[in-house]
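Next come two complexes, and both contain chain A; in the first it sits with chain B, in the second with chain C.
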Partner chain A sequence: MPDTKNTEHLNYSEKNFDPPTEEDFLNSLSDKNAHQEAGFGTYILIWLGLISLTAITVALAGINLAGLTVITALAIAIIKSSLVANYFMHIKFDAPIFKIFIAVSLIIFVLMIVLTFFDLIFRN
Partner chain B sequence: MNSQSDTKYIHYLQYRGKFKGIPGWLLTTDHKKIGLLYLIAMITFFLVAMSLGFLMKLEMLKPSSTKGSTLMSAQTYNAVFTLHGVIMIFLFIIPGIPAVFGNFFLPIMLGARDVSFPKINLLSWYFYIAGAVIVLISLHTGGGPIDTGWTFYVPYSIRTTANVSLAVFGAFVLGFSSILTAINFITTIHHLRAPGMKWFKMPLFAWGLYATGWIQILATPVIGITLLLVILERTLGVGIFDPALGGDPLLYQHLFWIYSHPAVYIMILPAMGLVSEIIPTFTKKNIFGYSAIAVSSLAIAFVGYLVWGHHMFTSGISDTSRAIFSFLTFVVAIPSGVKVFNWVATMYKASIDPRTPFLFIMAFIVLFSIGGLTGLVLGALDTNIHVTDTYFVVAHFHYVMFGGMGTLFFGGLYYWFPKMFGKLFNEKIANTGLILFVTGFNVLYFTMFIMGYQGMPRRYYTYLAEFQTLQVISTIGSWIMISGILILLGNLVYALFRGRKAPDNPWGGTTLEWTIPSPPPVYNFEKIPVITKGPYERN
Partner chain C sequence: MTEPDTLNIVNQEHTHRDDIGSKMGMWLFLFTELLLFGGLFILYASYRFMYKEEFIYAATKLDLLTGTVNTIILLTSSLTIVLAILSLQKNYKKLCLLFLFLTVALGFSFLINKYFEWRAKIEHGLFPGGSELLNTSKGETIFFGLYYSMTGLHALHVIAGLIFILIMTSLVYKNLQYNTNYQKLENSGLYWHLVDIIWIFLFPLFYLIH
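Our next item is the complex of A and B:
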């Protein structure tokens, strides 16, 4: 992911008329433009959290929760995927536009599911 | 910047990079050359699929008697209409306008020197060709040409002995081409607009491509997974769709149309963007309702996701969802209507210059309106039951897709041909070709509305004797239409070699592509322009 807080190397068109050079590109990779992101310790914690949630999922699979089984499994999956997206995929530290992209995608996904279930639930 | 053409410059067709000749084309990362690579491939596929359509109509000249078939057997007819559909839909209509004109003109219209990811752009073309080659191989291997219709409906597609697996894998590969092109366009629109070009100062063609890009990214993976599941079901018998194994065939239809209905908007939104480019040029006016047209593209893209169930009204889905999908189908007509009214309002009291590209727009509005209004007949639950799976549906989507996107593909080619190749074409011949095309089109497809209403089912290789008069008229229409298309294409090929040199701005257009020389220089702009006014504002 490019560093969206410091986008001088991308917004060349607003600064001057020349496209970015190789030097600009290398600068964009250097330390001064490094991502503002979580530390090593946080990643380890998230990883441990994911492992624990997986363990809970496996444990719950053995217990009969009747109607709650699917809901519990999905709830855990949602927590896990949001951790991965936010930390490992850096969405938490990226520009708002990426959050909007993901929100739009999620809304459309939810609508697809809801509309499909209008068929399944009400079918004779 | 018109003075550029007086000074010597190297245009993109003259430019020799690292490689010459064919490798120079096959390894190019110039968005304009990649656009031309798509153009060559697409015209080829279009002509192949058109020939298949010609054969289908020829078969319909006479009903097959009990003594034997006329031109082809039932099985051959099944394969022919499937191939006609697969090639037209997946290789021409869906990628058509974005891949050819989007690639060629989007960066220029935004004031950029290329798309954001030129190498990925070339990779998209290779995915496109690879997908096409895989489909081609599937015809001659395994159980032979696919015979399921372009929708690959289960359970038949799981049980037929035809080579379904390889053919749908070809469609799966084509999806990558679509997604990568969309990522490229969206990134380009976000990052490479010229200084001063705010969102609402972008040309409307770019808005069309932007809305299309989002549909391509969000919907294409659904069909990709679905087609893989069909392959898995055929090879491993996993039982997701096959009722004999506990699967649900309606699930396939849901998943297929969750992609394929939005795909209809992938086909039409860039075409509508093209209309919004051509009308201001030939009315010499600023477009009426710029923001309404721009936002309606996004609205169509969004609502277009929510109407897929109208393809399944008679498949056995629940009454509740039928009512909901029927309602949403009527809602999607609103933003489409917004566009048409704005176009007409732009033309109102304008000093219209009815040149060839503008006549294509007139043809489009008439044909697309007939297609759109008959879509309402199909979207209403009661009338839908009557005409489902008849020629009425076939006529409707040919009016929408071919009359819509197809007409504008040629319209776009005629509008931008002088810019792309720096040559002028003969307008009288073009107009003759267009008149033949529109006349033949209506004779061919309008009779299909009547036959469909009378109960002629689609996808049959023969018919009852009572339909013969209309079938013959329809077949004659196909001959008129094809001769029109051949004249339209032949005229451009002639112009390519013998045409007079085109000026930089032959039509008096206001968007950025008309400010650079014809054909465009290698990197489009010597200096990136600064935008101070709207795309269609005149002095």
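Our next item is the complex of A and C:
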């Protein structure tokens, strides 16, 4: 029985088109289209962005931001690594399953940090 | 429930190769690396929480210029490997080899920089059990212990990444990786980017907190 929520599937059966094959599924997973979206120019722009963020974070380290020093440095590091992951590692153009992978492992990692700090902060 | 009878069609045209599976496997491996370094990052965060003043003082003893130069070197090597993959996809083999050589050269210059940085620290007695470090506070000793283990483990990853990229260079040279079959090269690229991301976090935590 076709899933009634899936309108695409209904269209296939109504118009007597072939249902999606496994090959279509595999094509939908692959990143064949990714490289049309990211060319030499895109990568060089991302690299320029990364270098500028490095310059900003080094310049900010010379200024006394009191309690905010570590937070701003880490925020810039997070922006930089998300640029690397999204563009250089293709996550932006990859199938959703890879984004789910990353989300799950990052949530586990953050949970480990939070639980450790619960212990540290309330130890005494 | 009926299964579409297409299971055997897909792989008839070419030999068994599962690029998506290969990439997924690589990502799963990268997550184990995240936990390996993650444990050390949590250790760093905990000790920084306990010895805040000592950590800030100890960080002033690191050379900001060397750290910044190494950051730029690694970011640039990330760019050159991604351009190498793109060149191979567009069937520019010579350009791909050039970018791979550039990546290897940048990786080696990172290691050379690291060597001189560590040597300068060790000459000043700043190593676990060293004359200078024995006379300082406990927090500072812990800071340098973490500095050596985290940047040391990272340097080992740079060496591993360089070995992978050198192997990939020979595969590209021998036409074993080409415009429609490049997953091995791409996986090595993913590893190299992960090494870069780890450094993106190591750099502010050790060099920029003073």
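What we mean here is this: the second predicted complex is superposed on the first by the 87 of 124 C-alpha atoms of A that agree within 3 Å, B and C clash if a C-alpha of one lies under 4 Å from a C-alpha of the other, contacts with A are read in each partner's own complex, and residues count from 1 in each chain.
In this section, a residue touches a chain if its C-beta (ideal position, glycine included) is under 8 Å from a C-beta of that chain, and two chains touch if they have at least 3 such contacts.
The structure displayed is predicted, hence computed values, not measured ones.
In the superposition on chain A, contact of A:Leu65 is made with neither chain B nor chain C.
Among chain B and chain C, the chain that touches a larger number of residues in chain A is C. Of the two partner chains, chain B is the only one touched by A:Leu111; chain C is not.
In the overlay built on the shared chain, the residue A:Leu74 is in contact with chain C alone; chain B does not reach it. With both structures placed on the common chain, the touch criterion links A:Ala103 to neither chain B nor chain C. Of the two partner chains, chain B is the only one that A:Asn124 touches; chain C does not reach it.
When the two structures are aligned on the shared chain, A:Phe40 is found in touch with chain C, with no touch to chain B. Chain A residues in contact with chain B (one complex) as well as with chain C (other complex) are 19, 97, 105, 112, 116, 120.
By the touch criterion stated above, chain A contacts chain B in their complex at residues 10-11, 13-14, 17, 19, 97, 104-105, 108, 111-112, 115-116, 118-124.
Interface of chain C with chain A (complex): residues 4, 6-7, 9-10, 19-20, 23-24, 27-28, 31, 34-35, 38, 42, 45-46, 49-50, 64, 68, 71-72, 75-76, 78-79, 82-83, 86, 89, 189-190, 193, 196-197, 200-201, 203-205, 207-210.
Listing the residues of chain B that touch chain A in their complex gives 111-113, 190-195, 214, 218, 222, 250, 254, 258, 302, 305-306, 308-309, 316-321, 324-325, 527-528. By the touch criterion given at the top, residues 19, 21-23, 26, 29-30, 35, 38-40, 43-44, 46-47, 50-51, 54, 57-58, 61, 69-70, 73-74, 76-77, 80-81, 84-85, 87-89, 95, 97-98, 101-102, 105, 109, 112-113, 116-117, 120 of chain A touch chain C in their complex.
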